[in-house]
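Chain naming follows the written order as A, B, C and D, and within any one chain the residues start at number 1.
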Amino acid sequence: MVSHRLTQKLDEEKVFKDPVHRYVHVYDKLIWDLINTSEFQRLRRIRQLGTSYVTFHGAEHSRFNHSLGVYEVMRRILEKFMSRPAWSTEMPGWSEEDRLLCLCAALLHDVGHGPFSHSFEKVFDTDHEEWTRKILLGETQINQVLQQVSADFPHKVNEVIAKTYENKLVVSLISSQIDADRMDYLLRDAYYTGVNYGNFDLERILRVMRPHEEYAVIKYSGMHAVEDYIMSRYQMYWQVYFHPVTRSADVILRKIFKRVKDLYEQGYRFACPPRLLEGFLAGKIELKDYLRLDESTILYYFQMWQEEKDGILADLCDRFINRRLFKYVGFNPSSHMRLSLELEQLFKQAGIDPDYYLEFESSSDLPYDYYRPGEEGERLPIHLLMPDGELRELSQASHIVQSISGKAQTDHKIYFAQDLLEKKEKTYPAVVAKIKQALRDAEKSGVR
Amino acid sequence: MVSHRLTQKLDEEKVFKDPVHRYVHVYDKLIWDLINTSEFQRLRRIRQLGTSYVTFHGAEHSRFNHSLGVYEVMRRILEKFMSRPAWSTEMPGWSEEDRLLCLCAALLHDVGHGPFSHSFEKVFDTDHEEWTRKILLGETQINQVLQQVSADFPHKVNEVIAKTYENKLVVSLISSQIDADRMDYLLRDAYYTGVNYGNFDLERILRVMRPHEEYAVIKYSGMHAVEDYIMSRYQMYWQVYFHPVTRSADVILRKIFKRVKDLYEQGYRFACPPRLLEGFLAGKIELKDYLRLDESTILYYFQMWQEEKDGILADLCDRFINRRLFKYVGFNPSSHMRLSLELEQLFKQAGIDPDYYLEFESSSDLPYDYYRPGEEGERLPIHLLMPDGELRELSQASHIVQSISGKAQTDHKIYFAQDLLEKKEKTYPAVVAKIKQALRDAEKSGVR
Amino acid sequence: MVSHRLTQKLDEEKVFKDPVHRYVHVYDKLIWDLINTSEFQRLRRIRQLGTSYVTFHGAEHSRFNHSLGVYEVMRRILEKFMSRPAWSTEMPGWSEEDRLLCLCAALLHDVGHGPFSHSFEKVFDTDHEEWTRKILLGETQINQVLQQVSADFPHKVNEVIAKTYENKLVVSLISSQIDADRMDYLLRDAYYTGVNYGNFDLERILRVMRPHEEYAVIKYSGMHAVEDYIMSRYQMYWQVYFHPVTRSADVILRKIFKRVKDLYEQGYRFACPPRLLEGFLAGKIELKDYLRLDESTILYYFQMWQEEKDGILADLCDRFINRRLFKYVGFNPSSHMRLSLELEQLFKQAGIDPDYYLEFESSSDLPYDYYRPGEEGERLPIHLLMPDGELRELSQASHIVQSISGKAQTDHKIYFAQDLLEKKEKTYPAVVAKIKQALRDAEKSGVR
Amino acid sequence: MVSHRLTQKLDEEKVFKDPVHRYVHVYDKLIWDLINTSEFQRLRRIRQLGTSYVTFHGAEHSRFNHSLGVYEVMRRILEKFMSRPAWSTEMPGWSEEDRLLCLCAALLHDVGHGPFSHSFEKVFDTDHEEWTRKILLGETQINQVLQQVSADFPHKVNEVIAKTYENKLVVSLISSQIDADRMDYLLRDAYYTGVNYGNFDLERILRVMRPHEEYAVIKYSGMHAVEDYIMSRYQMYWQVYFHPVTRSADVILRKIFKRVKDLYEQGYRFACPPRLLEGFLAGKIELKDYLRLDESTILYYFQMWQEEKDGILADLCDRFINRRLFKYVGFNPSSHMRLSLELEQLFKQAGIDPDYYLEFESSSDLPYDYYRPGEEGERLPIHLLMPDGELRELSQASHIVQSISGKAQTDHKIYFAQDLLEKKEKTYPAVVAKIKQALRDAEKSGVR
């Protein structure tokens, strides 16, 4: 059963001034109430691009910022779709509830993210999607607001985000290779970092999108606009998201979390105990505690731990806080095994703990993929609506997209504490010389 | 005596991608080393616009971001000045050291800022300029880097920032009514908030600026560009900096600090003691501790204090963290005294502590001022260089500037916890009715 | 009687890519048909800013360009207005015909403009508003298209543009101190010239506009956005529209037209007769001929006339075509009479015809005006809608607007052919010396 | 022998406000004098994008506009190059004359263009490069100005533009796959049309360009910026330059020129004779006449010819002036021969002259090419400077560039006068039905 909340509009439209979309418009009371929950406000304290700010000083914007943007893109998509004369036949069975599901899922799709989640999740074996589920369904303000629509509405929002909802069109608008999420983050991250790779003609794409049963398709005449969008995404990955300096900060982050975990398991007594992390360390964390974890909390700990008596933890925190990052060289993945064994050995001989001061890091991206049924991580391809009404998969029509289609690109780097090497040079000149030579050789072999 | 550091250039120019100035260019090793000090990196953890992000979600940029921008504007000013054929006569006695002083002062002018300093300083009676002095002259990495130029170089940088340096031109480029600081923050804050009021033609202004003995003047032909800059500043103050919603968050911030101070003085035992604030509370804070204070630290405390047993502190922190702000109405300053006595009385009668839940707040700005010798806070006016070589004070030539010149504008608001009023309505219907009536009357009388 | 045309929509929305508004959207078949008439297409051959391109090389955009923009702004205003829940009470008696009238008037308000009309009209004593009327009501494609709505529809469109239409709200949206026309041209001219003075927040202004009986008012909370718009207008006038170099080209234009007229009256036989101007010269021009006049026609004549045997005409055309402009100095209007007599005399003595090579030119602007009933050229002031529902005239609420309100500013310049003076210097050294001295004195007395 | 002119600087820098580069800066008197010649001013009367304005109403900018932009890009390239510590070894034998040659060639490279040259040259078998040579070397103001540098300087400028100059670095900066010309037009055409495909990070590319003997190379770290530039170019070709509506206007233009030529050859007596075209028609055109040809001249003729008694000429001119364009369908090039024979036959049967009302038009672009020595139109590829100092051809390093490298893409369209078909339908229903069917079939076979 569905309450009257479904159609309750605000007395007066609310707007947020937004640098990317000029204004974000809110008409539904439901959306307004969701924005004002403490779980959504918490996203203000989590940066959208994690550690990218160490490379691009402008990248200080939060997930709150982005989430509003995804909502706005979704709102505009639906406005376009539902103003089409043929919309009801193009979107069979579409209901007012579906509209709200789209908007809520767009707004809330990132609500489970924790601080620096990329690095955090690797060490603590947790998953922001699982937390999103808990926030939507657990005892939260968000759940209460969603409940007012209907008892199973929170559950449906979760299904949309988890891609299991029955109306596939709803799912595809938030999770596909051309969805509201991606369209917002490319534009937004480009704006805040100041690069212009992420620019594409959002308005044009919205105009050539058409609902078509289970997903949105693109009118053939808009193919070049989509090519441009795919290229933007490709460039943003290589120019911004995978920037090697950012990955250096990520490596240090992971090392810190690893050290904390190791120390905790060894029964180390922290001068400043990581109270809000204890749930993770002990393997049983409550939702309430998770929601108090944000970047200010983590940075507070790092700040304090600079004075821990454990030298490695103190040093790593000092590196992160004061941006003393690891240096890097490329390497050839075919020699990964040999190189890592060799360098670990040498680092130990030089008295540097390779567990914390050496890392082989590979970042990989698949800019666009066609449909591969049955394969893991299968991705919904983008379809063009041809003049004759047929559909055609994008990479079949575009040379450029075809050239990057289905081909993952990977960048391989070795990260290490250059300053420690310098320091040890006096005591272990021969070992350090070998290390430096090995790194130089790796770099040479690693050039793409 | 001046070391060779003075002229040491980087082997290769370093750049930062910047959304406002496209790129920030660094050529001097001195500047590069300053940026990499921990005291400067700390500015990444302090937002440029304090609580403005509660109103403009884009306003999440840091003082680090702005400081690089001021440096870049200064670099361009000097590049222009020193490329003029007549520069050595226009800038008599100018030395390479003066150039570096300008750049360092531009980069470091905000280095003493603490978290939410506007509110913080009001409660704890401290002053970021004093801290800047300590950071420049105390035992810091910044001091060490500056010392390499010469023993008294840190002192000189401090003099420039404190406006006491003997070369008045150097001082005026960083502190006047048209200086590198203002020019950067107007553009930058406009960019991040997404408003376009702060836009003016920086490049044009740089082209019409001329060094002229003790300050920079503006060629008469550039008068309209300067008018536009003054108007930008005016608009940014009223549209962004003094936005009543932002001031509501500021009021709550001050109330929290006040509550912490009151509790500390009463000997209250905090479940989570504000260790990094203790120096302030006890009236003797060390530089080392001050430097660990940043927004993540403050937000961590607020996060934790939501569960303090002191109900007022817990409630105020919950308000700040979860953006449950105070409501506001305007009021007429002539009735300030009467109104505040009346409302305080009524709040007490309704069982709401006016010390923490009621505030009369007035924000005032003087958009431009001509020269008033001898008066407190005297400000260097902007001079136009007329075609005949004479100087003319800007407000003498521009109607528009004259219209706002020397006239402070003030906005008066009463902030209060609307939700508490609602809650108390059942128990004290008559009192709350009176309060509401008084607020409505105030609002009516307060319309400008 | 009104035909079904009124509500006929295009099968599919048409769009024009527009740099200022991103896209111009056309939904009504009526608008689409009007755009495709030859009279409207003719606007492609008339520049929006006349001779401004000699100063700002980017200012090459046409009236076609601007007219589409005005239409789009109007479309957005109406979209906002008519989506308000209260719109039918706020716009009493509003009909679908009124909506179309607004759109047509916006699109067609400049359709009567001829080439370089500012200068052209001064010499030939004609008026683009009169031509607009003839185009709307005469035997034109535009008239035919408009007739399809109803027999008196062309007449009504004319009334709207002529400000005599009974629904004053309709009139005010296209002709007031904050109308669709101005809002487009400020943004557009700023974009094409590359200056940023013309920028203001159009979207914000559209959001705070409210229909209010006979005109649109501005919500009080949007006052600063309107201030910013007024200042933009002010700056554009002084920085762009009245640029002294542009006015120099205008002076030459007028001199050419004047020479043609004088020669015609003297019975001079043109090698290349100005066939399309003959109607004007003979004082009886047909609509059909007027519609063939555009900038390419005029420039063709100027091109050819560079070789006319009449030396003055040939020289003036060469100046215009090859941008050999007149120089200028300022002057004090109180000495206008004396100076002009003196200089005319001296020019004649030096053998330079002052009728064609000397001009006193004053440009004047009234940036904003309050209401002055009964006065000539009375202008509808801008009203703010105060929180209590009262209206308040803008200059009563805004210091800045007040400072420029009702005060016309004028710039006075003397234009003259500097190169002729140089040439005559050898023959008439004393006279030319006197002229130069007089000009220097004028300049000195003229500095504002 | 080289005169002192070489190093003569302006007393004060001159600037042009430019929307794309903010400002164009002129320091050399030589450049200033060239801009003020009548041959260069003539470029104001020739649009940069020919007929593109019929599709993108913003595309009204002139070649003057673009030429200043190319000059400015070149100025910045040289500024960067010559500020490098190693510049003199990287640019062996470089002289001040080379710098001026670069600037002059950049400014003047398009000076030979006539009105709508793309279409014009096809019909009249002329070539703007040939005219450039004549303008540089003939009796022109430009030649006089260039002569002041040295007697053979005009000749050298011509060699640079003709790509035969001995210093290959100079040539490559103005004519290669990444040169000042392309970099300006992509940005500029994107700006004026309002599309954002043409955007790329010019400043970044300038920073990663390095002089390297005979050409400029790109530092490997800048590869993605160059990929982005190549993609921009690709998109601009398909989205803007080859837009089928623009090509329709081009087809009509060519048909008009063809009709004029045919009529001239038949001895037709024009009511308005194309005096300025007579040279072309007679096969012997003087430079002086060529320089009077511009778009206003051509448009004047078209305007007048709407009333010629020759029905075809009058109709075609009316189409061009009033934007009554030809419709189009795609076709498969393999059936070109068959289709064209068939349609020509049918058009004749329907009484429509296929010579003027039917056209098979194919536009082709090769977005990037590697080096193919010996082949016609060989193009200098872009080289990356690898970290080890080696050079690597771009398509060897970039998947994306490789995907479009060396592959020309072609778009095939049939243009025809749809309205004539409709008109003839009554008289020749069967023939017109066959034509329509043939066009429908062509369209189906032609979908890429």
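Here is the rule we use: contacts are C-beta pairs under 8 Å (C-beta built on N, C-alpha and C of every residue); 3 or more make two chains touch, one makes a residue touch a chain.
Worth saying up front: this structure is predicted, and the values here are computed from it rather than measured.
**Q** Moving step by step between touching chains, how few steps can get you from subunit A to subunit C?
**A** Counted as steps through touching chains, the separation is 1.
**Q** So which pair out of A-C, A-B or A-D basically repeats C-D, with more than half the contacts the same?
**A** A-B
**Q** Measure off the straight-line distance from the CA centroid of subunit B to the CA centroid of subunit C, and report it in whole Å.
**A** Taking the average C-alpha coordinate of subunit B and of subunit C, the gap between them is 43 Å.
**Q** Can you give the whole-Å distance between the Cα centres of subunit A and subunit B?
**A** That pair's centroid distance is 33 Å.
**Q** Quick check: how many Å separate the C-alpha centres of subunit B and subunit D?
**A** Those two chain centres are 51 Å apart.
**Q** So which stretches of subunit B touch two or more other chains?
**A** Correct list: 22, 195.
**Q** Touching residues of subunit D toward subunit A in the complex: what are they?
**A** 195-197, 199-201, 224, 227-228, 231, 234-235, 238-239, 386-388, 397, 399-400, 402-404, 407, 409, 443-444, 447-448
**Q** What part of subunit D is in contact with subunit B in the complex they form?
**A** 15, 22-23, 203, 207
**Q** For subunit C, which residues count as touching subunit D in their complex?
**A** Residues 16-20, 22, 36, 38, 41, 44-45, 53, 56-58, 60-62, 64-65, 68, 191-195, 292, 294-300, 303, 321-323 of subunit C touch subunit D in their complex.
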